[in-house]
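Please read through the structure below; I'll follow up with questions.
As written, the chains take the letters A, B, C and D, and residue 1 is the first residue of each chain.
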Amino acid sequence: MNPEHRRIAAKYLADKWRWKPLEYVFWLAALAAVWLLPSHHLILNEIMITGLFAMSLDLILGYAGIASLGHAAFFGLGAYTAGIFAIRVTGDPLLGLALAGFASAGLGFVTSFLVLRGVDLARLMVTLGVALVLGEIANQLTWLTGGADGLQGVTIAPILGKFEFDIFGRTAYVYSLIVSFLLFLIARRLVISPFGLSLRTIRDNPLRASAIGTPVDRRLIAIYTVAAAYAGIAGALLAQTTQFVSLDVIALHRSADVLLMLVIGGTGYLYGGFVGALIFKGLQDVISSWTPQYWTFWIGLILVILVLIGRDRMNLAVATGLARLRGKPAPRPRTIVGDR
Amino acid sequence: MLTILFDGIAYGMVLFVLACGLSITLGLMNFVNLAHGVFAMAGGYASAILMNRAGVPFLATLPFAFLIPAAFGLVLERTLYQRLYNRPHLDQVLFTIGLIFMSIAAVDYIMGSQPQLITLPEWLRGRVDVFGVQIGLYRSFIIVVCSVLVVALQMILTKTRFGAQLRAAVDDQRVARGLGINTSLVFAATFAFGSGLAGLGGALGAEILGLDPTFPFKFLIYFMIVVTVGGTSSLTGPFFASLLLGVADVAGKYYVPSLGAFVIYTVMIVVLVFRPHGLFVRAR
Amino acid sequence: MTRRAFIKTGAAAGFALSLIGGGALAQDTIKIGLILPMTGPFTSTGKQIAAAANLYMAQNGATVAGKKVEIILKDDTGVADVTRRIAQELIVNDKVTAIAGFGLTPLALATAPLATQAKTPMVVMAAATGIITERSPFIVRTSQVVPQIAGPFGEWVAKQGMKKVVTIVSDYGPGHDVEKWFTDRFKANGGEVVNLRVPLQNPDFSPFLQAAADFKPDALLVFVPSGVGTQFMKQFVERGLDKSGIKLIGTGDVTDDDILNTIGDVALGLVTAHHYSASHDSPENKAFVEAFKKATGGLRPNFMGVAGYDGMHALYEGLKKTNGAGGEALVNAMKGLAWTSPRGPMSIDPDTRDIIQNVYIRKVERVNGELYNMEFATIPNVKDPSKAK
Amino acid sequence: MTPALETIGLVKRFGGLVATDNVSFRLEQGARHALIGPNGAGKTTFVNLLTGVLAPSDGQILLQGEDVTQLRPDLRVKRGLVRTFQINQLFAGMTPLETIGVAVSERMGHGGDWWRPAGGSPEVIDEIVDIATRFHLTDVLEERTSSLAYGKQRLLEIAVAFACKPRVLLLDEPAAGVPEADRHELLSTVAALPRDVSVLLIEHDMDLVFSFAERISVLVNGALFTEGTVAEISTDPRVRAVYLGESVDE
């Protein structure tokens, strides 16, 4: 065996998990915003939570190739779990977060069996259906969820008994940032592990993945469950930092928006969700304060232009930069239904 | 009981006319055109404007409800859509959602956000009693129009030269081109036709479903359900799927009102879990 | 300073700022954050209120107590957590004196704790569920309360000799309120009621209409969100229920002035109860309708518009009393205000901060070629019965 | 000796169509066996039954004497039954390094490991490089699979299977579509497969079959038509007739 080849191979694999400069920049900037952008903590909190939510979708769409139009089911379940837990049991945020994660993971595990088989269009609609049914359940269980009026009276105790949630959203942002970062670290380990690699083989070619001994169904169930837990925690963060839960946590537009944001930001490199959330929410905030009534037109126009001149080119600055620094080719657009 | 069945069928028919254009673009041209509802809305508005502002009678507006969205679709296809045929579906989703956003804001700006109303001619209002079953006249009208449409569509697709060309173009663009078929022209015509059908559906359905700027989003789910449950390989699939969903929805809401909203979604999930390619697609 | 201490101090300082933010900091301008549904299915609510608020400012000048009044209009996007975040930003960053608007109940409920926390007055101009004003002592409402209309209406309907009514309501907060209060009062006066609920997203009413007809009631009470009502009425007539002796009745939401004219003849003869009609016969209203139409290019004001107009009036009068100060003083100043609105006499209940107003029974008629809700009976000075204990 | 792979009365029906008709077949340990047959003879269906992609309507499949008829495809692979595909089934977005790596990790039982980075252990890297060297892929280790030359993709197709440490290897037309220039490299690689691997070659190309195989089975209309040594089959007039499409009179 040629030792040179061995060295190259080892280096190539090691490069995959080494931190790249832009990654440091991203998280340091997010941290710096705690002090530098005090008047934007509220929207930053929302962006961070949405970014985490979108990252959880990236785990299944970008890595395992499962397109979902009902990911808000898990987000919503997490939000309601955290909210109801705070009202009925205790306002401790970390316990609520953990419980929400477990609850959503449970739902993810159960519903994962529905998405195993089937073409992508069917998957889109099945996930959508699950979310719609769940939303309707939340609407009907008025005694538990507050129904269409929303869940009121959520009060969250200070984090670790010390950090109280303030009206500027500072604690909220720091809290969401830390939780998102920790979950990101785990996700990052996960996607470079043999498990993560095997997911990509399933995404690219499930037939062959099974022919090299990968238990395809189990892997999909596992990642779907993990992604559900992540989404649930994101939902819990929203419930805890806004101290309110309404039916829109689970609504179709939340599933659709998160898919949009992820696609805008790019799939398959974990940061796409955060980048997409930043772009989408940021634009929405700026344009809608400029024209509250017709901002959707401009957002729509931007989407259209984005696609026409090529999302890849638009993302060049961010995505390819990041990717190159991570030592791999630019993230490719994924297909939902498969090309012909 | 029979009245419920009848209402369900009529409702399903409206769903079908609205969705069949989508099943053409998605199923035959493999383009995920979520903005399909925009064309339906265009048809509805064309009909409403002609009727309310120009005083054209309802029936006479229907051709325009087909032609205007068709023209609109043709222009969009030539200028924008055709660039995206070979792009990944997520790009198509992004693009067409962008179109929905734009159209909603634009219609709101031009027409206002209030619902548009269609006034039916006298002879289509009310209902008659047929062998003890109460039959709504307008719903019967819809059933008749839609049935004719289904048959005509199936004929066009299977019996005409254009249908053959389209199927050839869909199966293999290169081969079709080699056979001297102008695939780009065929696609453009098909897209325009699908848009026109959507527009017609919008005009016919406005009476039952309502019509306002949020129309393209409000009914998107229903279109998608019909097309996925029915399968995208034929028109008969979505047709029966529409009927099934229409009847299931109406009957579900009548007999178990408290669970009404669940019925249509549950039907969809069950169907797709067991038949991922749709209910009416022959197993491979 | 340790990081923890830093955050703590920041939070404490921030809170202190917010306390005075309502009053002392807003020195030259009084900002009012108006959060409304400007996109989505309830756009017409947002448009009406925004237009009416601007009209009020145009008519009464943009200064109060020597300070310039400025409205910051925001789209609520129909999402509760976004609404709350926007309100929070308006309070924290823009230092608004008051927040106002709120098209839907959950959006108002999501924001209510903020009003308390920041001691910022919150004027609800649309959302109509009873509980809203109880969620914060800083909430004042100038629209209507559902029980206030549905309760007396139930009583009135019973007194007309109707024995059996089917209610069809949309399955959400206000719908439940209508159902409950109408049913309670109607039953208390000897009637019999069957309740049906319709999912909020529901394109076809035929199964529900069929179910309602099966009961052969004297009347059918409907409450669905404005706009959807048209579909309902059309299908009601289409099924021939109008000729079968069943009277269609409802709260004024279904015969919303904004769209009444376009609904067409199917609405004729519909009897509804509500607090405002554009045809209300008073000089104040004539002036209001005319000015509103002029300002909006022919749009007819509806109950949302008048609520926005009156909401601005309450704020103006309150600010006059406090000499431009906000916070608790402003809420107190608005309590007990009474004036003649375009809708008729109205006041803010000093105990509940909710609205007290006349409820009118109206019938849709064609007047000068246009459809109007013509008032023919008045139930004066109705308090919200859900709080009148 | 227990055969490496055996089928007993294997049947597969699609509706009324019998695609595999009562096939009883033995692959001996260390065999170099070829399965031939005209187009539509049911070779692909037979392979899909062996690997578990399809479930048989009737009959049994024994792998090293163990009944694997009901076993999931991936578990058959774990027991040493590995295949290649007639049409490349690769992971377009990954590099050969990753592709081989994932197969090696999976075989070593690391596939479900989600915490350690892939390729973290030296023995995995050693084996990747070892396989890449054997299949002449060291110069393209870091290129995207979709951008590789077809011949290289074909090599990778077999390398991935080899990385699963097969005891029974099903090669489905390994040389299909490979340009003449690359053919030799591929065939010599196949010929150099270790002797303890039992190989079933599914092939169309008679030259390749005759140069590689020691035994040949002929599949016609889903049924086993005949079996024998290379010499027997190459001189059998009935086989020739089948291939020429003439009717056979038994």
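Going forward, contacts are C-beta pairs under 8 Å (C-beta built on N, C-alpha and C of every residue); 3 or more make two chains touch, one makes a residue touch a chain.
Predicted model only: the values in this text are computed from it and were never measured.
Q: So which one's got more C-beta contacts, B-C or A-D?
A: Pair with more contacting C-beta pairs, B-C versus A-D: A-D.
Q: Measuring centre to centre, with centres taken as mean CA positions, what chain is farthest from chain D?
A: C
Q: Take the average of all CA coordinates in chain A, do the same for chain C, and state the distance between these two points in whole angstrom.
A: Roughly 37 Å separates the two chain centres.
Q: Would you kindly tell me how far, in whole Å, the mean C-alpha position of chain D lies from that of chain A?
A: Taking the mean C-alpha position of each chain, the two centres sit 40 Å apart.
Q: Averaged over CA atoms, how far is the centre of chain B from the centre of chain D? Could you give it in whole Å?
A: Each chain reduced to its C-alpha mean, chain B and chain D end up 48 Å apart.
Q: Residues of chain A that contact two or more other chains, please.
A: Expected reply: 136, 139-140, 293-296.
Q: Give the residues of chain C touching no fewer than two other chains, as numbers and ranges.
A: Touching at least two other chains: 39, 43, 47, 199.
Q: Mind listing each pair of touching chains for me?
A: Every pair of chains meeting the touch criterion: A-B, A-C, A-D, B-C.
Q: Over in the complex, which chain A residues touch chain D? Could you list them?
A: Chain A reaches chain D through residues 1-2, 5-6, 8-10, 12-14, 16-17, 189-190, 192-198, 200-201, 203-205, 207-216, 218-219, 222, 329, 332.
Q: Of all residues in chain C, which touch chain A in the complex?
A: Per the stated touch rule, the residues are 4, 7-8, 10-11, 14-15, 18, 36, 38-39, 43, 46-47, 73-75, 77-82, 84-85, 88-89, 91-93, 105-107, 109-110, 112-114, 117-118, 129, 131, 135, 171-173, 176, 199-200.
Q: In their shared complex, at which residues does chain A touch chain B?
A: Per the touch definition, chain A meets chain B at residues 67, 114, 117-126, 128-130, 132-133, 136, 139-140, 252, 256, 259-260, 263-264, 267, 293-297, 299-304, 306-308, 311, 333-340.
Q: For the complex, give me every residue of chain A touching chain C.
A: 38-39, 42-43, 45-46, 136, 139-140, 142, 147-150, 152, 162-164, 166-171, 174, 238, 242-244, 246-249, 253, 284, 288-289, 292-296
Q: Considering only the defined contacts, which chain D positions touch chain A in the complex?
A: 51, 53, 72-75, 77-78, 82-83, 85, 89-95, 97-99, 101-103, 105-107, 110-120, 122, 125-126, 128-130, 132-133, 138, 141-142, 144, 160-161, 163-164
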